[in-house]
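Here subunit A shows up in two complexes: once beside subunit B, once beside subunit C.
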Partner chain A sequence: MLADFNFRIIFEYLPLFLEGLRSTFFISIVSIFLALITGIIACACRISPFKLLKYPAIAYIEIIRSTPLLVQIYFLYFGLPTLGVRVPEIQTGIIALMLNSGAYIAEIIRAGITSVDDGQIEAGVSSGLNYLQRMRFIILPQAIGATVPPLLGQSIVLVKDSALLSLISVMELTRVGQTMTSERFMPAEAFFTVAFFYMCIYFCLKALADWSQKKLIFREAY
Partner chain B sequence: MIEFKHVNKWFGKLHVLDDVNLEIDKGEVLVICGPSGSGKSTLIRCINRLEPIQEGEIVVDGVPVHDKATNLTKLRADIGFVFQQFHLYPHMTVLQNVMLAPVNVRKIPSDKAEEIAREKLIQVGLTDKAGAYPAQLSGGQQQRVAIARGLAMSPKIMLFDEPTSALDPEMIGEVLDVMVNLVSEGMTMCVVTHEMGFARKVADRVLFMDMGKIVETGKPDEFFDNPQTHRAADFISKILTH
Partner chain C sequence: MMAFYFSRLVEIFPFFLKGLWMTSQIAFISLATCTVLGFVLGILRSGKNKLIRWIIGVYVSFVRGTPFVVQVFIVFFILPEWGIQLKAFQAALLAMAIMGSAFICEIVAGGINAIPKGQWEAGTASGLSLVQQLRLVIVPQAMKVILPPLVGQYVLLIKDTSVVSVIGVMELTRVGWVTVVRIPEGLMVFSLVGILYFVISYPLILLSNYLERRMAV
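Showing the complex of A and B:
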């Protein structure tokens, strides 16, 4: 079976694959960065006592989490032009990934914050520390340590989710596989290569996640 | 120093504080005991407004605690609170735990604050643990750090909410010793505890609560040897027999 596997064509298409890899990489990095900002803002609103901030944040998070990413991508891709907003596919894709991951990241950060024991917060309150001081000195240092590994997990999800952008013809890794398939009809070779590159990204991020797990979780138990 | 005037508090339908009237003098050591759920923890948690009240007034050192205009930061900074579960900050060293509030609430420069913190750690007998993390300490040591953390703010009042209940028996003594030491320095203290030995030794007054009411108050020896109410007698016999 392996004898039938055409490695030559993979090498022939390698420049295109690398171009796709570069594009996937670029889309992922930008989307993760923007999603992180979105997530932090959404989380801050979500836990704020002000209803005007809190309820829109809940609505945003729940809408994103209750609908498929593909639907969200199509919604933006077909919906934005009807609203008169014309943006290139790649930007539509990045916005979709940003909004999607942002909602999950908001919940990850919230989980990190609420994981800090209430008693410590009371201890802070009773020694006279105000809300911002408690956040800065007690809650965030512990929440960040607890948040980084799941955030890297979410980044891995986002990289794989970016494959869906091939459906709105963004020329990323998966799209390259589709292109090769339609030009040469060698889907096995095409998607074997695509999968290989995704795995490369995955293992890099996983190594980072494992490292951060060791490094950032503070020494709780001896 | 602390005054409760007709204080009422409900948790939903549960009447946790039922018309509480109480005066605690400067330098007085008050021990509060009573069955679980009787409202004793809630009572001391109201003193620094960790809990709101629905009726009545609490005045601490002339300041109405539950008044909207009250400077809560100042009020709380002057009242040390020691919890049953210690609640140290696990990501900070012992020294950082003790210094946090003095530096950020009292705005004491950090070199001066460190000096104070080390002094307080000596006072609770933990000279060599300044650089350790809470998880590296025993329960008794953690609770002593928590006491040092309270003392570093130079409080006027120290509140203790069952400070020895979460400790292994052999560690109770070291924490009580620190507290007895504090009494001899003239600190105003409210201690929720069932440690009768401690109460007999240092308390000026014992207050017995049940169902949100102050049922009985008295000198420790009188209270434990000759309780006036049936409810208190029943309670004392129970904590004696185990």
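Showing the complex of A and C:
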């Protein structure tokens, strides 16, 4: 089984794997940053009292959440060219990840804001703070703390989701595994190495998420 | 041109329904297996045996730490090397079972661990065996914590079935992928695919929202 695991071939392909890892990092960081912006805007629209902002935001969030990411990627990949928009695959992929995670992040932030106790807001009102001041001094400082662990969780999901970009031939980590499989037909070496690199990223982000969770509990107790 | 392609799409719509049927089959079978396996693993994980807990922990970390598409490739490409021949459909079900049961295991273990220790002690004091304690005392209470995320996980699992299209299982996403080669209207084809997924997963999302609200009280 694992007795004939060929480490030499892994070393031979190591530069390519590192290149793929770098690409996965790049895609993930750019996408999570853009998704955060999308999510904040979508959440602001979602909780706003204006129907013209609220309903499109609801539609966006629900559509994204009830269709698979792969379908969304293909939708953009095969759909954008028919609209006359020609962008490289990697940009299509980043847009797809941004739109997908943006919807989840909007819900995470909304949950954070609604988790702030009503009494806090009432206290703000009776202290004579206006809406913006209440947001600035009371709601957001508490909400942001509560959203950090789930946001880190979402970034773990996003890193794993970026593997799907290999299916539209973006040269990232999983694609390197596919390339190696088709060139040498050594799927075990290829995909276990790919899995190993993803696990490294996962454990780093997981440690960060657990740490932030602990910090949060401590702060609440304090 | 759009109208022409639209009429072609209407013509081959039965093909999409076939894909939807395949997706529902994969989803249904894997939800059932994942639930059973997930509950067994989850109960073992919340148990006292340290070795079993550790083994399940490693398994769960592996599944949670790697993308599902990589797991599908591992099952589909590597098992044949080890002498286990699987058809694409079987490989898809196996990969879904491996992935889903790990996530459900965590949900179940979380729910059981949320039950205060006194409940176990009360069970022991009433002379219930371990299985009876679980069946009559612990699990019914834990269901309150387990149910909302479990239904949420079901939605994720249904959506993840789209990934098994990469090994050639003719389910909904694969049908879209095959169609778009002949009918080059990506927006139209994948909107249709998206709508069909929406039809199966949105009711479950609503159910999950409802359960979350109900169980929170």
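We take it that the second predicted complex is superposed on the first by the 216 of 222 C-alpha atoms of A that agree within 3 Å, B and C clash if a C-alpha of one lies under 4 Å from a C-alpha of the other, contacts with A are read in each partner's own complex, and residues count from 1 in each chain.
Methods note: contacts are C-beta pairs under 8 Å (C-beta built on N, C-alpha and C of every residue); 3 or more make two chains touch, one makes a residue touch a chain.
All values derive from a computational prediction rather than experimental measurement.
A.B. asks: Looking at the overlay, does A:F33 come into contact with subunit B only (first), subunit C only (second), both, or neither?
C.D. replies: Once the two structures are laid over each other on A, A:F33 reaches no partner at all.
A.B. asks: Check whether subunit B or subunit C contacts more residues of subunit A in the superposed model.
C.D. replies: Per-residue touch count on subunit A favours C.
A.B. asks: In the superposed arrangement, does A:N130 touch subunit B (first), subunit C (second), both or neither?
C.D. replies: Only subunit B; A:N130 stays clear of subunit C.
A.B. asks: Between subunit B (first) and subunit C (second), which does A:A195 come into contact with in this model arrangement: first, second, both, or neither?
C.D. replies: A:A195: touches subunit C, not subunit B.
A.B. asks: Let me test your reading of the model: by the given contact rule, A:P187 touches which partner, first (subunit B), second (subunit C), both or neither?
C.D. replies: The answer is second: A:P187 touches subunit C but not subunit B.
A.B. asks: Between subunit B and subunit C, whom does A:S66 touch in the aligned arrangement: first, second, both, or neither?
C.D. replies: After superposing on A, A:S66 lies in contact with subunit C but is clear of subunit B.
A.B. asks: So, does A:I138 touch the first partner subunit B, the second partner subunit C, both, or neither?
C.D. replies: first
A.B. asks: Thinking of the overlay built on chain A, is A:S166 touched by subunit B (first), by subunit C (second), by both, or by neither?
C.D. replies: Touch partner of A:S166: subunit C, not subunit B.
A.B. asks: Counting only touches as set out at the top, which of subunit B and subunit C does A:F7 meet: first, second, both, neither?
C.D. replies: Neither: A:F7 stays clear of subunit B and subunit C.
A.B. asks: Write out the stretch or stretches of subunit B touching subunit A in their complex.
C.D. replies: Its residues touching subunit A are 48, 50, 72-74, 76-77, 79-81, 83, 85, 87-91, 100-101, 104-105, 133, 135-136, 146, 149-150, 153.
A.B. asks: If we count contacts the way the header does, which residues on subunit A are in touch with subunit B in the complex?
C.D. replies: 117, 119-120, 122-123, 125-130, 133, 137-138, 141-142, 145, 218-222
A.B. asks: Hey, which residues of subunit C end up touching subunit A in the complex?
C.D. replies: Residues 61-62, 64-70, 73-74, 77-78, 81-82, 155, 159-163, 165-166, 173, 176-177, 180, 184-187, 189-191, 193-194, 197-198, 201-202, 205 of subunit C touch subunit A in their complex.
A.B. asks: Subunit C touches which residues of subunit A in the complex?
C.D. replies: 1, 62-63, 65-72, 74-75, 77-83, 156, 160-164, 166-167, 174, 177-178, 181, 187-188, 191-192, 194-195, 198-199, 202-203, 206
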